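Chain naming follows the written order as A, B, C, D, E and F, and within any one chain the residues start at number 1.
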Amino acid sequence: MLHTVNKSPFQTNSLETCLRFARASHSVLLFEDGIYGALKGTRLESLITDSLKSYSIYVLVPDVEARGMRIGDVIDGVKPVDYAGFVDLAAENTVQAWL
Amino acid sequence: MLHTVNKSPFQTNSLETCLRFARASHSVLLFEDGIYGALKGTRLESLITDSLKSYSIYVLVPDVEARGMRIGDVIDGVKPVDYAGFVDLAAENTVQAWL
Amino acid sequence: MEDEVIKKFLYVNRKAPYGTIYALESLEVVLIGAAFDQDVSLAFIDDGVYQLKKDQKTSVDSGIGMKDFSKTYLALGDYDVNKIYVDKASLDERGLTADDLMELVYEDEDDDYKEKSSISIVNQDELALLMEQQDVVLSF
Amino acid sequence: MEDEVIKKFLYVNRKAPYGTIYALESLEVVLIGAAFDQDVSLAFIDDGVYQLKKDQKTSVDSGIGMKDFSKTYLALGDYDVNKIYVDKASLDERGLTADDLMELVYEDEDDDYKEKSSISIVNQDELALLMEQQDVVLSF
Amino acid sequence: MKFGILVNEGPYQHQASDSAYQFTKAALEKGHEIFRVFFYHDGVYNASRLLVPPQDDRHIANRWSALSKEYKLDLVVCIAAAQRRGMLDENEAKRQGKDAHNIAEGFHISGLGQLIEAGIQSERLVVFGD
Amino acid sequence: MKFGILVNEGPYQHQASDSAYQFTKAALEKGHEIFRVFFYHDGVYNASRLLVPPQDDRHIANRWSALSKEYKLDLVVCIAAAQRRGMLDENEAKRQGKDAHNIAEGFHISGLGQLIEAGIQSERLVVFGD
């Protein structure tokens, strides 16, 4: 199962709820304003680093770069993908969007 | 100054930020999905009861009733208003919307 | 053959009614979808649980000037949409219980048409398992 | 006389760029508003602080397929929009500092056209005071 | 008192336009003046003449038009936001070489300066959005 | 693999339509099939033929139309959501007694059943919204 989150975790509760329902073997993709959850040094960093122990988290690089961040700003262990990588993830899993 | 909040405090951080900037002598109006912050018995009830010590909080009754709640479900001390009351509050204060 | 495939559809509702149209237009999809004989479940999570609050009261000419569409949920049972899952944690943090929700029921044709509740209040592990079993998840 | 009124306008920006259009269209109001010779301030709070992040990189033909509009903030000084307040708590919880933001400057005509920073990083009491002094608050 | 109103969201999807309407109506009924209602962002969609809501639902554009007629309300749609979103009046359609236009009676298209002017001339500006 | 795509927000205001477009394009370029793109809620506004975005910006409706032409994409606009929001094709305009219509080339209006069918016939349904 692929969970997608497109909202900033500072603005809405989508990421928080998504992580409540994500399970081992699932994947989570952060894109659009959701990429803010994947960044180092924020108040929410531990939410992600803890989650990485249980399942894979991906971040959409074009959304990261548009917002002035670079791969180096992303938490270690979060895997970078482009739109083609997003497609691959969706092909491998049923997709649940946390809007 | 009148602060208006139209989002559910469970979904977004608008109420939380609003309360961070509200000051004594200000007023806060909860309307639309913002009315959920004014209800008794929620996880966030103390956020409102604490705030009531410093400033006035209002809730728009038509929005409360539409959502299946009644005045009795509203935290004691939060003042009910209708649209005319909303107009009065806006006439008395500069308005800042926390969208 | 392909047309006879039965898939598991889950509608995930996480937004409050009236503040946005998602609740209403999600319900419209569910009603149309009911004609397709798929295996349909509805989940209400976060502010989505407020959609099922009883005693909603507004009309085009009073209140907030929008019609009360909550009665439509009561018809779901007649459309054979009777697997309605409500996240317990979401109810809890809002101070709500089953008593605050509308009574959504259906007649069980396998059990002498007895009237049964369509609503199951579930914990997050049960809901996570339900999600994993789906073919299609429509989020609103 | 009425046309010569100078009012205090505050633009409050609380949303991230690109995910929604509010940042871009807010900036369009500020630029048009600059022609009206009012007393203009901008506040960046919550995800709004991300609007000022330097190194934004996208174009219609690459990245997310949207143009990078962040360069427009650099022009604000030329429009005499030079009171830009950034909420420190919002930066802090995002792990950002002044160094992460674009350098927005203006030439101070009262001080031999020296180049000065338009950005003030302020705490919430300073920002609350600023809000209280306004005549018009436009929120995006 | 003189109010200015800013509507930032389109009809039906968000309650913003409904709340703005109820506020505006209540203000007028109390004898206040509404200097202008300005439609910005997706708010420009409120000005569509082509809405066909279900029969038992409110007609958001007509409701604004009717209020405008009754109280001589100034309903202004931001031209930049409207162009981007496909809301055009007859003049704009001609100018842009488009074969149709869709602005309802009572609304007119103008620049963002009209919003700033509403801020200056009104004693209060009230914003309704998402 | 066969994908279905659901777009729940209008052009420009939210990134949903942009992300859906980039996803759809990437999927097609990888050789996947797109069974249908369904526009619901404010997503129906993506189908407007009247958009006039700034010259240096993307044209969201044209971009979808072009992709539809290149790959024979099925772009379906929900009729109920479209009526409510003033998005009409020529037939609908006639039927509703409206004097204009605004649907762009490549899009067509149909019922919500087309969304359910996309769920049934596609191996994956991917939702883009707010």
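What to note about this one:
Throughout what follows, a contact is a pair of C-beta atoms (placed from the backbone, for glycine too) under 8 Å apart; a residue touches a chain by one contact, two chains touch by 3 or more.
From a predicted model like this one, the values you see are computed outputs, not experimental measurements.
Common partners of chain B and chain F, by the touch rule above, are A, C, D, E. The chains in contact with chain A as well as with chain B are C, D.
Of all chains, the one whose CA centroid is most distant from that of chain A is E. Among the other chains, the CA centroid farthest from that of chain F is the one of B.
By the count of C-beta pairs in contact, the leading chain pair is E-F. One inter-chain figure worth recording: chain B and chain D are separated by 28 Å, centre to centre, where each centre is the mean of the chain's CA atoms. Shared interface positions of chain D, defined as residues touching 2 or more other chains, are 18-21, 46, 64, 66, 135-137, 139-140.
Each of residues 8, 12-13, 15, 19, 22, 41, 57, 80, 125, 127, 129 in chain E touches at least two other chains.
Across the assembly, chain A contributes residues 6, 10-11, 13, 32-33, 62, 94-95, 97, 99 that each touch 2 or more other chains. Touching pairs of chains, sorted by label, consist of A-B, A-C, A-D, A-F, B-C, B-D, B-E, C-E, C-F, D-E, D-F, E-F. Against chain F, the residues of chain D that register as touching in their complex are 18-21, 60, 64-67.
Interface residues of chain D, counted against chain A in their complex, comprise 15-20, 46-47, 50, 53-58, 62-64, 66, 68, 70, 92-95, 100. Chain A contributes residues 6-8, 10-11, 32-33, 36, 39-43, 45, 62-63, 65-70 to its touches with chain D in the complex. The residues of chain A lying in touch with chain C in their complex are 1, 13-14, 17, 20-23, 94-99.
For chain D in complex with chain B, the touching residues are 12, 14, 45-46, 89, 124, 127-128, 131-132, 134-137, 139-140.
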